[in-house]
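The same subunit A turns up in both complexes below, where it pairs with subunit B and then with subunit C.
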Partner chain A sequence: MAGAGFFAGLANATVNASTVLILAGLGELISERAGVLNLGVEGMMLVGALTGFITTVVTGNYWLGLGVAILAGGAMSLIHAFLCISLNSDQAVSGIMLTLLGTGLTTFFGNSYSGNSVSGFPERTLPLIGDLLVEIPVLGPALFQSTVTDYAALLLVPVVWLFLYHTNIGLELISVGEDPETADTMGVDVFKMRYLAVIIGGALAGAAGAHLSLAFNQIWSASMTAGRGWIAVALVIFARWRPERILLGAYLFGLFNALQLYSQALDFSLGAGAPLAGVLNPVIDFVMNPTIMSTYPYLATLLVLVITVIRAENRELAQPSALVQSYSRETD
Partner chain B sequence: MLMSKQILTRRDALKAAGGTAGILGLAGCSGGSDGGSGDATESSGSTETSGSTGTTTSSSGEEVNAAFIYQAEVGDVGWDRAHEDARQIVTEEYDWLNTEFSEAVAPGDVQRVIEQYISSGMDVIFGTTFGYMDPMANMAPEYPDTIFEHCSGFRTEENMGRYYGRLYQARYLCGVAAGLLTETNQLGYVAAFPIPELIRQINAFVEGARSVNPDVTAEVRWTNAWVDPPAVTQAVNALTSNGADVINNHQTTTAATQTAAENEAWAFTYTTSMAEAGGDYYGNSAVFNWEEFYAPTLEAIHEGSWESDAYWDGLDAGVVGLGDWGPQVPDDVISEVETVQEELESGDRTVWQDTEFEGESDSFLFSEMQSYVEGVNGEVPSS
Partner chain C sequence: MQVDVDLEARTDVPRWMAYGTPVFTVLAALSVSAVALAALDVDPIAAYEIMFVQTLTTEFGLTETVAKGVPLIFAGLAVYLPLKAQLWNIGAEGQLFIGAVAGTWIGLNVSLPILALLPLMFLGAGLAGALWVAIPAWLRAKWGINEIITTLLFTFVAADLKNYVVRGPMQAPGANFPQTAQLPAAGQLPVIPGIGFPSGIVIAVVFVALTYLLVNHTRLGYEITFIGANDRAAEQAGMSKYRIYLFVLMVGGAFAGFAGISEISGVQTRLRAFFAPGYGFTAIPIALLGRNGAFRVLLAALFFSVIFVGGSSLQTLLSVPAAIVDIIQALIILFLITAEFFKRYRVSLSLGRDLSDEPRGTRPEGEV
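Let's turn to the complex of A and B:
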């Protein structure tokens, strides 16, 4: 019963669900690579979603909406940067506080906008070759008939990879997350670098929020991120702090998200006469239960954590050494 | 957490004060101290009101002071909006009635809010979300002079009634329209959690459709969240790609209506009209007209004849009904639905006739329905 249409729909839904995770996940990755954990992603996404939405409602220009969302996310992360980098506050507490603040403020200020819709980013094919690519079975429409934000998210994966590993500033950023003291000795401005990383992270979280309210849904609804900011945090761990694996992880998380909804119509249970049907069917029911399925990405993240710890001698697979550690320059 | 409060007679002035109180309260919470500043602003607001109107309240009972408590921000559409619309209607209607409301009150905070209302002289407290049930039922014996009314639960006390509307009857009417409108004979339904309330409405919608079009089948997708627009959108896409050309939903967002329209499928929804989001493909909405409950209840309180009961009325009382039709719904569909509505109101037809649920008690319908009627594919997932 699951034909090509089913898989095309599933592929499309997976790609759709992934963009927001790629954007927020890359932002979180950059921040953590510089040694700053940001648990405020969810709040920054909400602020981006609402400010982008209001801007688009008022001006009618969704590009301006996206720009404002990026600025708003960046501005909010500035609070995190100031608290954690300048004041050496607890990173986890600051991040969670920003998520609560973002949730509360957007619920309050978004109140009169809930239920409104807006015409945001339209779906476009790539110029010239677009129509040909869309003809590709199953994956064509999913990948090549999307909004600008979808394309931008995909494009950002190699851009961030190049930035981190093949530019001086990117390598300095990584060095700050691994060993801030040494980096400082070598002349890298640890504070500037961490500020930069946290602000880029917040800006990308804001863009992720704007993608939801301007491209994917084109509505504002309180708490519309529904925990995707937290998924982005888990995604960075799952991706073991590597940008190319963010893409893989986002698709995997997106696939389970989509599968949970798409599989509900399918009957996976064995016929009554099949061997072990009495034993296996309850197991299948449990494994395919929509609520249980939505936990799979987190189970996978736990599994990766375990594997990473077991292979801890391989440093490049593990988290940045100075993550969650505040840095203050020794004065003498 | 975020709490604001408005007093209708001074709506505009206090709107700003309420907002400020909300932000201060929020800042207070985040900083670890309780939202004392927010409370102070509210108390002064309440005192002003009783000063201007309340001299005769306690002695003669001529005036009725009613408080409405909502779990979420009211917004433009949805559950709390429906209650708030009704509050405004009854407040306009009765010159002996003063009302106040609080929005975004989490169940964990509701006791504190109720105590404050009682101390400011409220005669009746309307709590409008399931999560308030236990706190209200536990408080009712402590405050025998206050009337409690709780929406959507099942507990009652001597001074606490419960109320709800048979929205499933209006869903049935939407189903009749859906059965006439569908060309693929496949309906889609996006639902939140598999609890009896939602299962009842799904079943009624499908029964309505099959009463006019026996070939109709329906598919349900559960999102396991009350508000998750991206998941709703994905669920609607999944349903329409499987051939559904009419979508109904049960989530407090316009996402389903909007996505259905994008996929050129008819959209039905609930609690308040969502016509704007559906455009040309908007069908209708099963709506609550809570004023049909609040008005007689407040009159009974005013006359001193109020007694605790379990209110569950439907189309015949007007407490549920349909909203305005979408611009493209054909007239013959509308007139057919109107005929069915008259039959339901007069009792010539019931929603559950010829189903496995025919003749079931209200308590079964209210809290025990756990399976689909014929025509709904699949099984209710175990919750």
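Let's turn to the complex of A and C:
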């Protein structure tokens, strides 16, 4: 029923759908590792997507677009940082507010750009070895004929891993999320470190948005993130706050997303003479219906989330101990 | 010059602050939104004149405000009640979809007189909404899985399910549009004779009163508030978090289901695939503004109804995107949580004071 071309297409769609989640997921992970939950990913992504898009339309330079999106995401996360770190506000409420604000602002100001397209990041092969790697069947074109942002996302996974576990500043960041009091006593500036983590998170969410509007879709439409920001938040729990597992989760989600796009090419229905065909075929039709299939990524995220939490119940969930806890010095 | 910021935790909130905060918040949000309006070359004063004065002084505006207010009140309660136990029902929008689907199905498939059919539709919608949130509620109660993320993921699933039934099993026979048939007259909420207001408002006010009684005058309400204030102490006092969490979220889900069917039965008269009013998300600022009592939820919902109705007038009259309403909502939350800080701390700024005789490190260094 499905040949190599089908699987190559599926692999390509999977990789394409995953980059947004890797970028936003890594950003959220860094923020949460420092103890700050940011539910504004969706809003920061939208702001990144729109500012990057407009900049590219106006200047014709998609690099500038990406840069502006990163700055915009970072600037927006600064509001969250100020409210949660300086004013000790409720992190959940502040994050939800950012998502509402981002959705509103981008719909409001993006109205006149709605449906416009832009020529953004082109797909490229890597220099020197790229042409060789593309020859790998099925996975070659998917992985090695991509946009710069796709490569950057893949590269960021080891970079973030190295940063968190093998640099002083990374370890300080983790310590702030685990035990801010002790970190403070050891001379780590808790406030500065948390601000840094939240801003990096916002910048990466902005980059994820720019990837969406400049590389993945190359158009602007309101609410085009379609809940991916929330998936990124769930992904961090799935990944148990470890960067390498963000990659795994993002690909899993991307695969479900891709399967939906290719569902029409699949036909599992039984022949007329097959036993139980009358009962099973309507079930298969329902399960393979594209609208029903678009629920699978959310259901899969939920399922994985539940399994992760329940299985970890007796062991360590690895959630940063001080997550969602505000820290103020004058507690004595 | 030396600027020193001194923070002191307040022991009690002054009266003027408790009552002034919501008013101040709304005014501040409107002032900042004026900047967004000005950026689109719209005169903010003219815009707010359309938004508020015209909405509240015309008969059409008032009727629309009440009509839109009904689902907003229910959606507000759907977030308000769980919030009393410190739970965030972010997925009211999804519960609203499922309630709308279930209620519409009953309205289209059961033939009964209006006085039996309407209550049955509300019952079905409420039950469906409650069941839809039951899994996230159970996951939160039993395993501590974050209800914000699960209720939200369920919203995306609910939206797709609604699209599926409206394009498939429930699509009106022979219709080219993804929509159901129109509800029979017995399934539509009538208007109140004489004043022309939608009768849904009466049902909504009754449920606001019931919620008020539940939270403020029953033992269960006391337990909900206690768990919300300090869950560890409440468990030590023998209260069951499990039971309370399931209860508040499922009743919240039922309210969201009411929001869905009241909108379909009272305003739309049929379910369309593109039905996505966003009431479940507006419910968040409504519950935050009204978190001190069910009747304040009612007032906050009516306030948002005014800006919704005014927002769509702006769209028609001045071609301003109706998303201005989203911006105002977000800004209201922003100023509310900022004000929360000033409620908790007394902040005094002092300039050029000599600090040499005070030990260092006992005051926050420059942080506000």
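By our rule, the second predicted complex is superposed on the first by the 280 of 332 C-alpha atoms of A that agree within 3 Å, B and C clash if a C-alpha of one lies under 4 Å from a C-alpha of the other, contacts with A are read in each partner's own complex, and residues count from 1 in each chain.
As a convention for this text, a residue touches a chain if its C-beta (ideal position, glycine included) is under 8 Å from a C-beta of that chain, and two chains touch if they have at least 3 such contacts.
For clarity, every value in this text was computed on a predicted model and none was experimentally measured.
When the two structures are aligned on the shared chain, A:Trp63 is found in touch with neither subunit B nor subunit C.
When the two complexes are overlaid on their common chain A, residue A:Thr291 makes contact with subunit B and with subunit C alike.
Touch criterion met: A:Gly5 reaches subunit B, while subunit C stays clear of it. In the superposition on chain A, A:Phe191 contacts subunit C only, with no contact to subunit B. By the document's definition of touching, of the two partners only subunit C reaches A:Asn88; subunit B does not. Of the two partner chains placed around the shared chain by superposition, neither subunit B nor subunit C is touched by A:Tyr251. Looking at the shared chain after the overlay, A:Leu212 reaches subunit B, while subunit C stays out of its contact range.
In the superposed model, A:Asn111 lies in contact with both subunit B and subunit C. Applying the stated contact rule after C-alpha superposition, one finds that A:Leu101 touches each of subunit B and subunit C. Subunit A uses residues 97, 100-101, 104-105, 107-108, 111, 222, 289, 291, 294 to touch subunit B in one structure and subunit C in the other. Per the touch definition, subunit C reaches subunit A in the complex via residues 7, 36, 39-40, 88, 90, 139, 143-146, 148-150, 152-154, 156-157, 160-161, 163-164, 167-168, 281, 284-285, 288, 321, 323-331, 333-334, 337-338, 340-341, 361-364, 367-368. By the touch rule above, subunit A contacts subunit C in their complex via residues 39, 79, 83, 86-90, 92-94, 96-98, 100-101, 103-105, 107-109, 111, 191, 222, 227, 230, 233-234, 237, 289, 291-292, 294-295, 298-299, 301-302, 305-306, 309-310, 313, 328-330, 332. The touching residues of subunit B, counted against subunit A in their complex, run 1-2, 4, 19, 22-23, 26, 29-30, 72-78, 104, 219-225, 227-231, 233-235, 237-238, 241-242, 252-255, 258, 274, 276-277, 377-378, 381-383. Within the complex formed with subunit B, the residues of subunit A that make contact are 5, 8-9, 12-13, 16-17, 20, 97, 100-101, 104-105, 107-108, 111-117, 212, 216-219, 221-224, 226, 228, 257-258, 261-262, 264-265, 267, 285, 289-291, 294.
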